[in-house]
Amino acid sequence: MEPIIRFENVHFTYPEGEREILCGIDLEIDEGSFVAVLGHNGSGKSTLAKHMNAILVPTEGRVLVAGLDTADEDKLLELRRTVGMVFQNPDNQIVANVVEDDVAFAPENLGVPPKEIRERVDAALKQVGMYDFRMHAPHLLSGGQKQRVAIAGVIAMQPRVLVLDEPTAMLDPQGRREVVQTVTALCREKGMTVVLITHHMEECIGADRLIVMSNGSIVADGSPQAVFSQVELMEREGLDVPETTRVLHELGLPTDALDPETCAERIAARLR
Amino acid sequence: MLKDVTLGQYFPGNTVTHRLDPRTKILLLILLIVAIFMAGGWVGNGLMIAVTAVCMIVSRIKPRSIFKGLKPMLFIIVFTSALNLFYTEGTPVFPGWIITWEGLERSAKMVLRIVLLITDTFLLTYTTSPIALTDGMERLLSPLKKIRVPVHEITMMISMALRFIPTLIEETDKIMSAQKARGADFETGGLVKRAKALIPILVPLFVSSFRRADELAVAMESRCYHGGEGRTRMKQLRFAPRDLWALLLGAALLAGVIVLRQFGL
Amino acid sequence: MSELRVEALTHTYSAGTPFEKTAIENISLTIPSGQFVGLLGHTGSGKSTFIQHLNALLKPTGGTVYVDGEDINKDKKSRRAVKNKVGLVFQYPEYQLFEETVFADIAFGPRNMGLEKAEIEQRVREAAHFVGVEEELMERSPLELSGGQKRRVAIAGVIAMRPGILILDEPTAGLDPAGCRQIMDNICTYRRESGATVIIVSHNMDDAARLTERLIVFDHGHIAMDGSPEEIFSKPEKLVEIGLAVPQATRLAMALREKGVALEGAVFTHGQLMAALKGVGVC
């Protein structure tokens, strides 16, 4: 199967910048997968995300999304409806004073017939669990709720890929859980490709694949179990490792159990 | 404190006023404003008070919300009334006083006009969502597109401004608290000192507003915004019989006020 | 180095309107001089309202706050004076930076205190040192700095007032793990060297458990738990009941105990977990 996103030797430097932000990224993402990208600030993970819907275009190499070259300006609209993007600050991406009007914004821009917009808006709000709030004013919602409205506003475009650029950085633990659960459900139930950029390692545990970025390059790529078990590498990158992995690692046990229950099972088995 | 500002607020509801087409409501407001200024005598003014009161009852808007909205305007109201009170010639209330009976009447009418004007405007914004409001404006102004007035862009900007008013108020509150915690003093000193004291609030507010604008533009583009061309609307505006009735009533009111004025009432 | 005493503190927002909401109710506690306290609780549990009372930014609708035995709301003068004794660092404090240079911004607080120029200069350098802001950054514009640097400059702006009580509302929010560690280290250094009382509001259970001496858990405007980390995490079920996360080590210890592994004592750090595992002969 053709990957939905393909990076071919992508380099990127800001026009006025000296330092290269992306240094030759080669990456393929399969349709329907849940990919988490982890890295410290300045590792290039946000820049990577912004290449996926042509907010930025490579200075060298190319990015293909569903066969579209992101540098092709004639296909920009088609590209952006294929890749939905959710950003860090929910306040700065909500455009309307009423939740449902905000969710309608993208389909309205696309010229979707009014009746269909209504259906899409209702479906999107139900999907993120915010249907009961459709008449509310966004500024009175909690951070997690706002971010779910932002997600609804993007999936109302019916994109194939959902890219989230540190969507949980400004949220409390409750809001973080809400967002991660919502995107996980979108991937598992609707088959949407999800790319989640984050610096919270616990949000990567449920992903199919975990990519670690550092200084503009990919330094680890694999299942979350496989990546986290490289404890020394993660520490060198200034990233956290789940306590479960750390304990198993120090006990010299296989580090393939991320959730506490399975991990406890392993340790208990060793005692017997 | 700042959170009490009700400018641009919308109270969702399902009254007749809420259901009227926003275009009708904008036109009605214009009719009402003209009528307020046409009302000369106390009968005409009384009629306008009655009409506004009926509108409030029908829309289920509580007087308290109107008072809250009027508070920031208090200065303007007091100022105009004082001006009329002291600078109108006529018969003094007491011999030798600067205040005249004519001044009292004019001042009272002026205050009444301003209060009615603001109240009626609030009735529109309280019962109409900003999106519907700007949508209505865009439609009403659309003939201007022919002479290349960027109607869509203007109404889009208005609706964005309305959207961000509560966000910016909240932010101003936060910055003020933070600077107060660092010992900033906004309450004492002369005019110059107080103006200077605003710098620690205004600079962060501007900086963050620019950042917001930047991020918002990227987010809007990511959601396929490319101007008004080819845009559809989820909520279609449709004139219903009630809109016709409402406009007819509004026109009749204006005509009535003009007739009353002829008779000096 | 100040003592804080709160008696029957209550705050009701928009009292007498339909929007009336009691954020905190009848809170009483004493925090002795020099203690390191963590405040835990959901968003909306009342902890933000609580801390804004401690330097008189909010006026109690009931109850009294004493700093070093004095009622901080006694009159206008005491409401102002307490700002110099109790430093409050808000969430995302970098959004308050406004001066043209880092130096001037850190100096804003001391300037408002009406200090001598030489004294201000000394305090600014000292505060910058505590948070690891290098000398060469002092003349730069705060807007040019990275996110983590801005945050540290903003914290320095409060530290420069040499508060006897330093309160920080989620100082690490939005930072990456390396940034979080650095900020927490800075705060610990400040506390060690100045002897100040430090109160930190945090969502990060691992940090709160590892660094503080006392944890106070807010729930629905009341104090639900109050004690040393050992005491709090010996009843992790109660935290879970309130809906708060527990440290990862505690979580794993709970799972192990359920599986019949009899771990000894309270477990809330990696070290304790490994020690407890050793105790039952796992390694």
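Labels A, B and C are assigned to the chains in the order they are written; within every chain, residues are numbered from 1.
The definition used in the following text is that a residue touches a chain if its C-beta (ideal position, glycine included) is under 8 Å from a C-beta of that chain, and two chains touch if they have at least 3 such contacts.
Note that the structure is predicted; figures quoted are calculated from it, not measured.
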Where subunit A and subunit B overlap in contact partners, by chain label: C
A-C against B-C, pair bridged by the larger set of C-beta contacts: A-C
Between subunit A and subunit B, centroid-to-centroid distance (C-alpha), Å: 42
Subunit A and subunit C, separation of their C-alpha mean positions in angstrom: 31
Separation of mean Cα positions, subunit C and subunit B [Å, integer]: 42
Residue list for subunit A, restricted to those that touch at least two other chains: none
Of subunit A, residues touching subunit C in the complex: 40-42, 142-143, 169-170, 172-175, 199, 201, 238-240, 242-244, 246-247, 250-251, 260-261, 263-265, 267-268, 270-271
Subunit B contact footprint on subunit A (complex, rising order): 53, 55, 77, 80-81, 84-85, 87, 89, 91-98, 100-101, 104-114, 117-118, 121, 135, 137, 139, 153-154, 157
Contact set on subunit C toward subunit A in their complex: 42-44, 146-148, 173-179, 203, 243-245, 248-249, 251-252, 254-256, 258-261, 270, 273-274, 277, 280-283
Of all residues in subunit B, those that touch subunit A in their complex: 8, 10, 12, 129-131, 159-160, 162-163, 166-167, 170, 211-212, 215-216, 218-226, 230-236
Residue ranges of subunit B in contact with subunit C within the complex: 171, 174-175, 177-185, 199-200, 203-204, 207-208
